[in-house]
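Look for chain A in each of the two complexes below; its partner is chain B in the first and chain C in the second.
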Partner chain A sequence: MFRGALWLLAGRGCVGRGLSTRSGGSTPDWTEKVSEIKKKIQSALPGGAWDPLYDTSHLPPEHSDVVIVGGGVLGLSVAYWLKRLEKPRGAIRVLVVDRDHTYSRASTGLSVGGIRQQFSLPENIQLSLFSVDFLRNINEYLAVVDDPPLDVQFNPSGYLLLASEKGAAIMENNVKVQRQEGAKVCLMSPEQLQNKFPWINTDGVALASYGLEGEGWFDPWCLLQGLRRKIQSLGVFFCQGEVTRFSTSSSRMQTSGGKEMTLKRIHEVHVKMDHSLEYQPVECALVINAAGAWSGQVAELAGIGKGPPGTLEGTKLPVEPRKRYVYFWHCPEGPGLETPFMADTSGAYFRREGLGHNYLGGCSPTEEEEPDPGNLEVDHDFFQDKVWPHLAHRVPAFQSLKVRSAWAGYYDYNTFDQNGVVGPHPLVVNMYFATGFSGHGLQQAPAVGRAVAEMVLKGQFQTIDLSSLLFSRFYLGEKVEERNII
Partner chain B sequence: MLKIIIPTIMLIPLTWLSKSNMMWINSTIYSLMISMVCLPLMNQPCDNSLNLSMLFFSDSLSTPLLMLTTWLLPLMIIASQYHMTKEPLARKKLYITMMILLQIFLIMTFSATELIMFYILFEATLVPTLIIITRWGGQTERLNAGIYFLFYTLAGSLPLLVALTYTQTTLGSLNMLLTQYLTERLTHVWGDSLLWLAFMLAFMVKMPLYGLHLWLPKAHVEAPIAGSMVLAAILLKLGGYGMLRITMMLNPTVNFMAYPFMMLSMWGMVMTSSICLRQTDLKSLIAYSSVSHMALVIMAILIQSPWSFMGATALMIAHGLTSSLLFCLANSNYERTHSRTMILVRGLQMILPLMAAWWLLASLTNLALPPSINLIGELFVTVSMFSWSNFSIILLGINITITALYTLYMLIMTQRGKYTYHIHNIKPSYTRENTLMLLHLTPLLLLMINPKIILGTMY
Partner chain C sequence: MAAPRASLHLVAPKWNLGTSGIRGLSSAVTPEGNQRKGRMLLQFLTDRFYDVEAIRQYLFQKQVSKVHKENRSSTGIKKQYGPYIAGAYFVLKQGGAVKFQGEEWIRSKHGYSPLQLLSFQAVPIEAVDASDCAINYEGLDNLLALKELQSLLLQRCPHVDDWCLSRLHQLANSLQELSLAGCPRISERGLACLHHLQNLRRLDISDLPAVSNPGLTQILVEEMLPRCEVLGAEWAQGLKSGPEQQSQDTASPIPA
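Let's look at the complex of A and B:
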């Protein structure tokens, strides 16, 4: 603008000296600039295209104390317990970021929804015990003023695990541990089994363990919605977006042994909106990785696993998505209301669904037959070849059944030892994990949420000690294996 | 006075023409030198004021405030260095320019002779502050904060403009030195009461008085560190200074008009202290504690006794330094963990012990530990309030207790206890930060030796 004015003055001087017409002089330049300014003003008026103060309500806030990556049941549980255990109310700002607000591929909604205490690891048993208590008293935990109470449709029908000769000793051991922790499980011989459940064919069964209390199945979607409703009432922000980047800063520090390590801190989380390049950097103090099957990718964004293999820097988060199929069939002669969630010696499982002789079931494939987790397409041949024969053998009534539908979901499968990862990462100091539960995440979600919230707020696990499930076990090679994987 | 104002104006070309690596250093060092130049003003030869020109004067009330203002600019510049690192160079220079501009207006305000000039500059200080808050603040709420700040103060000061022009036309002059000797006194009629209200409202909003204090927590929390520092340390004192000057000419209406504001201040002081106990956001806690301390100053000014004026002046200086120090400490936390919530950042004493020492000293001065100048201020105010009304001691005692409670709460939450896991790799304290804290504490502690220079006109 100033240049235009100077040109104009210079131009006037030239005209005064009697020069001929200028070509490409300042005057057309000046009007061009004026029309540019006019266009800008016009577009700034309402209805124009250029809007400096545009609507950002779909973006997450610019600052949040805790960012929870992943809005499934584990993420929401962590958010709930953070809000519940914070000492002065309303202290922490929590943001839950989820990529898909329809939860179409989330493990929570696609889960079969069983809950059991029949694990071999004491921590798992304790987690499930608390979760059952949570589900039983869900309306005391998740009640919202003026909203109807939740009905999580908990069917306490128990789990029935069958063991062949080979596995009988392990099962007895497991039951001893479970009883020590306070689970109510009974061991049954094949005759007792036949007596109790006449529809079972006890051929090949040496021992069975049956959960008497606190086991069964429930509606995972109801739990998810209940948690979501409650934490919205507690003031947690929800945002739909994908985490694409963590802005970190590193510092080199020395351990007491003199070894130099690079510790990182996450300062900002870049949340990208759906179907656009727009992103919002959210400034945060803590990040909780509850991204389920995709936790491994989120961890890689933070630089976990980028280093020479065998070192702590190079230890990746070994969680990857594994596809599992669930089939829904109808069998008019099938077992009745007292049917527990039965897991056969071969690994096939089923449970009753509803009151019309409908059943849900499936089987975990072996390592060689792992389906490609790229999509959620169902392989019906898998049922025909791998699941049905075992089911039909175990429950003769299932020889004639009609598959009504099927779906596939992901396990956030921990390839190291199939148990969850909880707690902070040793090097990326403000990232906490709550993931990797490989199929039993839903049933332990309330308890895991509480454990992570305690770790964040108080620095240590207070109610259930999950220090054996910390990240460092991947580096130290200490497997915490669970022998009852369904 | 020009020997202070001209160099401060020249700081602006200094900033714009400095090389990028010398910009911060230049502005800090030269503004420190300007504050040294201010020191000779402390040599007040007589009970009256030092009349430097037709426009500017300084007396024992405005000099400590002037010293505080000039001392604070280098501190603001030091404090802003970290969070401005990512900005482009021109914007950094603009930020420093805003601070310098604010400084110029403040220096002229505190040394103004004519009340209209005081008013104009009083309003002018709003603009750079607003720009600092809304442009460089941290979160989206800063727009709301800026609007609250601007409109509360503007709306409060418009009646002041009317009152000042009316007084100018009736009286003939608004020279502060002359109005002290006013013989026409105000009466108890409605018109004069409204005139009194018009005069005082602007400063009440600025202090802030309890019922009009909504802008303060917002503005302090959303402002960047330099904005918070200057708001807490100086801008609040503008209100106090204005009230001290204007009450000279408003007798004796003050005696009965003061009652509602005394009530509000006394109640507000206890209320805001109690709110501090429940705050989760560190900056918000410090902001509310500012309201509480300033309520004491308002009460002291309204009862108009020599002891209370001394206490008010001492409290203003002491609180300015303490509050600014606390904001700097809170900012050093925020820069490391990006969170202002107290429960997420605990047990810092283990990790940053020197910073813990500064926190301790800041907290001790905030709760008016003897023999700090905060205590002198509070004690003088308390004693004079007791002689004004015996029952006020109850509320004042409760306030002093609650102040101690929330200050210790803040200290223990942030420093003591087991540290939270995720802070164990925060960067250690920079020398710059330690310098900043030391530069705050040094005047605060040194003034303990000779507090009479901050006791104002009544000493």
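Let's look at the complex of A and C:
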């Protein structure tokens, strides 16, 4: 009622002003004042951000049921599935916090965009299979009324992994597991390989596994923007800010064996604005750690890992940023349209990009050669010394190539066993993880998002059982190793 | 209070129609005159009323599930009568045509009797004409079971896309003729996985609107399938003067 009266007064004021205006000189003044008044009314009416003291539209809301730390593809995927699986509609308020809305250092945008089912762990294969289904039907999942359909630019060219004598038995075993889970993969001998791809030098290759369907590469930026657009239409809040603090409370509980443990609950998330000391404490029920390469730091803020080493309190989240380089080169004699995403026995990989004989590729460095993850500067000598020799040996046409550009990105590297961490923390009871995928996070994001949403909403994994990827394995020392890391 | 939607405004949103920031892909051709006004009104209502938005979403979902229903695989028929009858039944139901080995074309337009079909239980199908049919990725299951299929015509199919092409490798042993002319969703990325079809002798890839460089794609496909006759664009097609052709891939910035 007050607001209605205010509007009427302002309206009358406008009209009154208009009637009394005589000279043309004061007309521009009047239009300015009107637009100013209109702005003030807009902010006062419901839907505007009216704070009598100052404008708070850039701050996140004061209360939110779920706060997702990290706005990359994993965080957005969790937000999407939370909104999709919630009952009733609109029951949960979700806030996604990311400190960089340009995604300049986020792993998602800098990724090469490959998707494969050729993993050794059955859970990874199932996650990838669902994600491929999601990508295929992306316009049914992420359709927004009145917006154009998404084109993820999927290249169904498959992955070709090569194995030397040493790795041949493991590869055969892996392919057996993959076939059991439903992936369409075939094994090829060196002769068959030479027949199919005559530009390969099969020297040193004992066995190759080739994905026939559901493998290839796509545009990660399109997936990210599609998710963002859809969850905005579903009512998820976004905020650009950095999480600086968690306000927690502890309670002592006794396990059934009589041992005393301290359980923590996060009550507030302090989100600090960019380039300012201003922060907003967001009261929340759950926090989801999807901060990618920086998840370790976010976990430390919640007190994970602060305790005597060897205990559950002292087990840190072993996720750290690892820098990886990607090089983009042109080779006019290079392999043609049928080029799959090839990963050599040495670990070097490449794929075709576009139609103009351009290729993207790189290599994961060994532990000793790990570059400093402090910045995203590219080391071109790494290509000369470590990547090119292997590529030129495997594909002789690559002996003459010209590097056009290169960039670097982070893997959210799980130093324990290079597989993701999913699910709640045993002691900080309302922090859930969706991170640590060490280079295959993008291709598993839709499925992981669904798994975390199921865990949050229903308390257990329902479609894909990821109990082997819970946090407790770090304390128990149970490594869930993935052998096919590219 | 819901999250502030990008288009909620007191003042009539001028930029609502042109929000291409997050989309990144260019919209279709703007319809003119009354159609445009109607669309503007519909968008205006959708942005303000949840009911209108829900109704439109429901109608969209109905369209999608209609295509899915048409492409359901008939496992019962397959078990009882074999893959050939099941495949023929599926194609004829969709409005296409089938040719059994040693027989004439059976077209759904000209009428057919199911009993006539049943007499061909053990006869393999050698050609399928599914042009203008609403066949999609799931529906392709019925065709991939036809292991003696030599000719497959998928002209102007609106739901055949790159994903469908990646499944065709299962017909590599027998397929000799494939036509994809006029399919709106096929791009050069799907054509890249046709290299499995080494027995292919005739391939028609003309008039594919989603292929970015028809001439260059033609050359690359010819290189990829040396024993195949590729009908499509002329190599010089699509070569226009300079800046107009620097299109595509605005959605994926490769950070330089």
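Points worth noting:
Just so we're on the same page, the second predicted complex is superposed on the first by the 434 of 486 C-alpha atoms of A that agree within 3 Å, B and C clash if a C-alpha of one lies under 4 Å from a C-alpha of the other, contacts with A are read in each partner's own complex, and residues count from 1 in each chain.
The definition used in the following text is that a contact is a pair of C-beta atoms (placed from the backbone, for glycine too) under 8 Å apart; a residue touches a chain by one contact, two chains touch by 3 or more.
These numbers come from a predicted model, not from an experiment.
When the two structures are aligned on the shared chain, A:467 is found in touch with neither chain B nor chain C. Of the two partner chains, chain C is the only one that A:405 touches; chain B does not reach it.
Residue contacts after overlaying the shared chain place A:158 against chain C, while chain B stays out of touching range. Contact with neither chain B nor chain C is seen for A:189 once the two complexes are overlaid on the shared chain.
In the superposition on chain A, contact of A:65 is made with chain B only, not with chain C.
Of the two partner chains placed around the shared chain by superposition, chain B is the only one that A:455 touches, whereas chain C remains out of contact. By the touch criterion defined above, A:284 reaches chain B but does not reach chain C. If you count the residues of chain A touched by chain B and by chain C, you find the higher number for C. Within the superposed three-chain model, A:228 lies in touch with chain C and out of touch with chain B [touch as defined at top]. Shared interface residues of chain A, touching chain B in one complex and chain C in the other, are 90. Residues 1-6, 8, 10-11, 22-25, 27-28, 42-43, 46, 53, 56-57, 60-61, 64, 137, 162-163, 165-167, 169, 187-193, 195-196, 212-213, 216-217, 220-221, 223-224, 249, 251-256 of chain C are the ones touching chain A in the complex. For chain A in complex with chain C, the touching residues are 38, 42, 45-47, 90, 109-110, 136, 140, 143, 145-148, 150-151, 153-158, 212-214, 216, 219-222, 225, 228-229, 232-233, 235-238, 328, 336-338, 352-356, 405, 407. Listed in rising order, the residues of chain A touching chain B in the complex are 56, 61-63, 65-66, 86-88, 90-93, 251, 253, 263-265, 267-268, 283-286, 424, 429-430, 432, 455-459. Looking at the complex, you find that chain B touches chain A at residues 138-140, 278-280, 337-339, 341-345, 418-427.
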